[in-house]
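In what follows, chain A forms one complex with chain B and a second complex with chain C.
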Partner chain A sequence: MTKAKNVRHHVVIGSGVAGSQAAETLRDREPDARVTILTLSSLLFYNRYDLPKVFRGHRDWREFLAYPADYYRDRRIDVRRCSRVAGVDGSRRTITLEHKEEIRFDTLLVASGGRGYIPEELAEFRPLMHPFASYTEAVTAANVVPDRGHVIMLGGDMIGLDLARTLVDTRHRVTLVAGPQTFWPHEVAEDERPGLIAALENMGVEVVEAADAGGIASIEQGAKGLSARRVLFKDGTELYGDAVMPFFGLSPSVEFMLGSGTDIERGLLVNPALRTTGEGIYAAGDVCQIWSDADKRYRFFYGWKNVRAMGDLAARNITGGDDPWVPVQDEKLHIDDQGKLQSPFWEYE
Partner chain B sequence: MATDIQISIVGSAGDGTIAAGEILRNALAGMGYKVISFDVYPPEIRGFGKCIARMRITTEQAYSLKHKSDVLVSLDDSHAIPHANEVRDCGAVIYEQGSIVRLPEGGHMSAHVGPGQLPYPVPIRELSEKSTGANRSRNIVVLGFIAGLFNLPVEGFRKAIGKKFRSKAAAAEASEAAFKAGLDYAAKTFKLDDVVFGPPVSSVVAGATVEMINGNAAIVRGALDAGIDTFFGYPITPATSIMERLAAEMPRRGGRLLQTEDEISAISAVIGAGFAGARAATSTSGPGLSLMAEMLGMGVIGEVPAVLFVSQRGGPSTGMPTKTEQSDLHMAVYGGHGDAPRIVIAPTNVDGCYRCAGKAFEMAEAYQTPVIVLIDLYLSNRYETVVFPARPPFEADMNRKPGKQAAGTQYKRYALTADHVSPRTIPGDKGGMHVVTGLEHNELGRPNDSAELHTAMSRKRHEKLKAALRHPDFTHYKRFGDEGAVDVGLISWGSNFGECLEAMLKARAEGIRCAAMKVVMISPFPTHGVSAFLADCKEVLVPELNYEGQFANILQAHVARPVTRLSRVPGEPMKVEEILEEIRRLAGIKAAQKAA
Partner chain C sequence: MGDIKPPSNAPGTPAAEQREYLSDDPRDIGWVKQNVPCQTACPAGTNVPVYIREIIERQFGRSYETNREANVLPGILGRICSRPCESQCRHGWPGNGEPVAICHLKRVAADLKDAGHRITERLYSPTGKRVAIVGAGPAGVAAAHDLSLLGHDVVIFEREERAGGMLRYGIPEFRLPRDTLDIELHNALRLGVQMRTGAEIGNGEGQIPMAKLEQDFDAVLLATGCMAASPLPLQGDWEKRELRGLEGVEYGLDFLVQMHRGVKKVVGKRVAVVGAGFTALDCARVAARLGAQEVTIHIRTAEEYIPVTQEEIFEAKREGVRIKGLRTPVGLTAEGNRLTGIEFVQNRLGGWRAGGRRQAIPIEGSEFIEPCDTIIIAIGQQTVNDFLGTRLELDRWGNVRVGEDGMTSHKGIFAAGDYVNGASTVIQAVGHGRQVAKRIDAWLMGRERRKQVVRIVPVEQPLRERAFDFIPRQHMPTAPLDERMKDGAHEVELGLDDKLAFEEAKRCYLCNLRYQIDVDRCIFCRACIEVAPRNCIKLVRGVEVNDDGAYGKLLETKEWNQVGAIWIDNNECIRCGQCFKACPVQCISISRCELTEVEV
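Now for the complex of A and B:
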């Protein structure tokens, strides 16, 4: 931790793409300022998009880091890992961490992203699922799925379908239990869906429509003497697999902002310059809903390129800029010449 | 796979930091690892002040603690935070996850875990309270977490905990529960650091025993194995535990121990017991040695065997009782009035403490003089895994007895002999009656201050000690590293030599031609062996833990040779990196001179 008087303290909550890009831009534009990243992660910034590599045998966390430790030392960016924010007081410009430490800030950028959403009816089965949102979850999942093992994927958002591509490529069996969240965050028209499902099957993914089976009745472990998982549908049909992995899209991580003096709908509401309604508080990435003059509504923007651009824009506006948000990434899902699904959300650098 | 891991546990007095360190090192030593450990604690008993239990665990022989730790455990962030930067990259920092009080910014360890280090927040307090109903077992929770995180055999920990609390059933039960709580929490923790314990390697000779003990305990063991009969002492940090351990052991072996009213009484009683033929010793630290100086002279002029175990601490005066220093060397060698030569030996490790303690009794008898075994707090409190031989390597009796007295002649207690050692009787020996006095005397012991006699007796008292330089089965000095000519030669003594040896080995690994010599026999000084070594060295570095460079002073009094002094008084062991940096600098100087 570095401290100096009479310099601004920029705090970034979240060490993902948006938060890390913002920290870099803040440092570049304000060399003397304090820049602190608060993150729940025990690791420095890594690309979540890289996580499927665990099924290709890459398990060492060092291979996933976007930058080495010296990057942060050299840039004097303090990264507070394993630090859960309990609350933000916008009027006092104070963050309280769960361990009761108070941190003063001059500006705050909330880039806490989203956590994997689990539908309420499946919440009770959460302990039997293997989420895939972090490095540790990814390695844990990879450790339980044997070579050529069978993964039952629930929901099928684009993060999950990206993993499905790797699983099929590494000769695993993937059964997708499709539902309303399949293809999230793409908004897919009803008539587009059969073609897209067919493209998935063409890629080697087995697809079961949950609605056709009456929905999921339960998820069990040890059924019929097996130690792996069973997904039981309401029509009595069942699926056996080595792991059940939920991919129902993301839910913005904003609970710690309640009472902060900022407006929240599903995410933090920001104007096109990514300012929240709280003085000196900005938001970027999957956690914020940006006002769109064109659509006359607040909306989310997803994808690695968009999120990184949001982090950069927020940092520029924190340091004196006043530029509006302009999406940088196509959002169209399409099928390529080989009949396979292609999404701009799978693209990253 | 070789293991070389250093763990530091930092807490406040009363947190159980030192106890946790003791259990951990005993558990690891019991598993077969080699362990070097050194605890730092405050002079206060409880409630404030920093405690550090630091240990290096290896499969190969190590000689000192490392500059950087692989694991830091914080039992109190306010004390541990300054040590966060002592953890290497990819090392683990284990700390209390929560807090019961509001903290200012930076008041929590999470603010200080460097980007290269791996944080392990653990709800230590909560786990202790849930498992035992109190927060007193936080230190044991941490041990459970360490056992689980590093996949260490649980049984070794359970044995060590059982040993620690063998007379406290309730504490043992609570500790078992707390240990399990930490262990279970580790099972749920994703391991990220690269700290890996390889299998231990055993190289113990049949019949030998391996023990994890500290320098003071090794001195006690050496004294007992050498057949100590009587001990007189007065407690003083850091030597107190020598007396405490002997107090427990000596009555069982038919010995006698008395805590005297002060150090003057203690040394006086030792001289008396030595005169009476007993193997007698005392232990003290710098302030006590000051008080003993006068009677030490009595031992010298009376030619009475006596053994003094002196553990140095930071001085002068009361100084820094719980900090280490090597600043009593001048006093040990020269302290007191008159020409009062004595033997001073300084072991460099815990094994050396055992050997020097036993050999000190041999030398005291063989050369009829006080012998000081000079250690320091670092060595007193440093734990090492020591292999003890099946049979003690000490002679039970090295007295030179007088032959049959010719009729009509008088026994000359101070007879001037070829090797300057006189036959010695003890009270009660037939025909051995003689006078012992603090006054200068003739061969019979009767007061006499003639110029000739004083010169002859002064020569006798000095010259007889030279035989100690050939005392059998004793390492007076030893050279390590490159043979022949070297760019840099280190020469050092006492506890500091381990750091010198590590630095020398690192320098050699960097391609610097380097050697190191330890000098155990400091008085009389082994001039011949040291000169031969120095002749091989282009540059000579003398690292030691005192301000002046007291050993360098002694060295240069015997060998006319310029040396570079690396004298430091940090109150703690010298850092290997600091010595290494000086070696590099000296080697660089030579390279630059060559180039010129």
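Now for the complex of A and C:
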């Protein structure tokens, strides 16, 4: 009984790459601890890099799971699905779920990731867009785009361009409305951009520069018998397609951390050991901005390998370590010898 | 105060037998201040629950008048208020959801009242006293209105061509339409206030010396606001350099004032705004309307900590404005006399400054440059005192120092608004203007003529339903982007219509309703506790009494043999009325408690 009293409760918010890796490491390093994952998702951990497969006919959710349910049971990792965190009180070390349940924690790892960002000027058209950030959204999008249908892709971050490769491969037509977020999170120099756009075109993606058309004026639903969507530009030109899919990069999911006592700029601010300014609270993955001594600024690190390494590092530091973050992923976008775009962010296991 | 006696409205007395009464008991005044957080947070003391209740009853004109009792400019504040009330709203407390859209509802009262609506004013007979007010901004106008009601002859001296101060010259039309401004200023000043525009106080040619005002008037109120832009503190070679002559450098306040005087303003393609308040946001949005292709607001801390509303931030972003945080400007870059960029240093967040703002701590060696061709500096405003010709004591920030009675170090000269408090908000200026007007009146008349009491009105039954607690906050409809960006005058927020207003108004908890249990009649059946949606009904040993006489901390107990009473914790109570409906012996009473003023 004495031992049970000393058992620590590690709570992880988020069941993506960072959260799942962290839970695994926490269990390995502290076999007696309670480990709980809180996730908004109704599914256990699946890899979002697999989601383009829905356009190849894979729609069964079981095909996407990284591990079977037994994996969590055997490792005594309690995964609470469909759990929306309403708030975190850092001083009381308490998480409040949307249905008012309170969960006490000894340490908290926030690995809630990011949601697809939609620029505020396009926010009013959100209901007419098909995002692609979760399994449910991916299946919905795949259901509305017919065979050889036409997808209008806005923004064109690397998640979207990964999907574009699959869409072209599966004989869909893809028109990219390019803008400042194209190639996100790669930082592309102005003189590199034309070559990269040409590489995209070489891959079969049609490209329209939004700025050349004065920007997007509106997105509209097509009348019966016409294409499902129309994108109207400010210069009066227009595009018709079966779906409009936004890919403008990610926006960290941190709303529930407001008022928690942790510092936030765009993401949760963490030191190189991934500690937030809240006692016992860590962050990993797309949700955190890590202080970089080299760059002298807080910055995000993206990519599957980086995110997994962050989850692992945070768990090690939660359980007594004090190691600094070192990126593990190359971030260079390049064109291969076939003239096609290649990104390290597209590589995953 | 022997003339204010409560009737025998003991809790449990049938509502039909209870009577409305006025109370100056500090426990009642303290109760309102503790339990109606929105009203307490409002610098003007606006009676929020009452005006929202009147909107539910679709009495828009009455709601407007309720507003006007505290704040003479409801249609204006309903558009541009900084909303200190909403951050305190009980509906926004953890677990209760989002705060009520109090500000939008204020605008509803102004917009939806009948055309030809009758304004109510409580006029006093003429006193023969004359008061000069310098400055026709919100503090000056609010003070002029109240002083004229109190029977004094008021003359406002305003250096600009039109009245309104920062309202007219500092706030863009897309946030505050000028017809709304004109109507409310006119209504505020129509009771005989003389407005002398283009009248500058000072000792120069064509100016009116302060000494002349002191000679001609019984009292002078200085309400000239903060009309000088604060300089940008830079480092190195830029530390002592005058920036005004550099091409591409604008000061935010000057930029807006000149534009509203009719000067055609031009900005570059890439505009950087430095600052974190409403002025910075306004400058950025104006720059976007003037054709800038890229507008970025650079802030020292982070979006979460800047003193503007989330709705304003969202609308600015919709218009293409970007916000970048954790940076402090330390220098500029220029080619010849033309600005080419800003040198920043990266910050980290520090502790909290006095006043609730977050500190930013620069990180050594982290300097970087952001290119731009226009910088708009909007980091604050300062007072200007050189017009006085009379030496007044100033505080360490250069603001004029006033005593408890609102008087400066010079007898008969009072000061109000930003001129005293430094750059603040319109509602703070209005509230302070009214406070000082009351003190001027007391000084002129030799006594206070009005005092604060609580009007306590029995209420027969709960005025809310539990279902109202689940209504989401109603969003403000806004003009489409292509329409609003056509010119600088197209109002962005369109106002809630009758239907949206009704839904939003129902969300208000009506915190001015006081639920009480008559312990003598309570049978301790726990029925009220069983139905309570929150931990709002408590078993207590007793209740502490605060220094001001108001009830304080509840001394809770779980031991039945120690229970002195079942007590409704009005702090937790969301006025759902479930306990009232469940009580089998009707020992719970409801009364509406509202602060008001009566003649002494």
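FYI, the second predicted complex is superposed on the first by the 340 of 349 C-alpha atoms of A that agree within 3 Å, B and C clash if a C-alpha of one lies under 4 Å from a C-alpha of the other, contacts with A are read in each partner's own complex, and residues count from 1 in each chain.
Criterion: a residue touches a chain if its C-beta (ideal position, glycine included) is under 8 Å from a C-beta of that chain, and two chains touch if they have at least 3 such contacts.
Nothing here was measured: the structure is a model prediction, and the numbers come from that model.
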{"item": "Chain B versus chain C as contact partner of A:323, first or second or both or neither", "value": "neither"}
{"item": "Chain B versus chain C as contact partner of A:265, first or second or both or neither", "value": "second"}
{"item": "Chain B versus chain C as contact partner of A:32, first or second or both or neither", "value": "neither"}
{"item": "Partner chain in contact with A:277 - chain B first, chain C second, else both or neither", "value": "second"}
{"item": "Which partner, chain B or chain C, touches more chain A residues", "value": "B"}
{"item": "Chain B versus chain C as contact partner of A:72, first or second or both or neither", "value": "first"}
{"item": "First (chain B), second (chain C), both or neither touched by A:255", "value": "neither"}
{"item": "Partner chain in contact with A:100 - chain B first, chain C second, else both or neither", "value": "both"}
{"item": "Which superposed partner A:139 touches (first chain B, second chain C, both, neither)", "value": "first"}
{"item": "Partner chain in contact with A:347 - chain B first, chain C second, else both or neither", "value": "neither"}
{"item": "Shared chain A contacts, counted only where both chain B and chain C touch the same residue", "value": "100"}
{"item": "Chain B-touching residues of chain A, taken from the complex the two chains share", "value": "1, 3, 42-44, 61, 69-73, 78-83, 97-104, 136, 139-140"}
{"item": "Touching residues on chain C, where the partner in the complex is chain A", "value": "94-95, 302-304, 314, 317-320, 325-326, 346, 348-349, 363, 365-366, 368, 481-482"}
{"item": "Residues of chain A that touch chain C when the two form their complex", "value": "86-87, 96, 100, 119-121, 123, 217, 234, 258-259, 263-266, 269, 277, 291, 296-298"}
{"item": "Residues of chain B touching chain A in the complex", "value": "89, 97-108, 110-116, 118-121, 190, 192"}
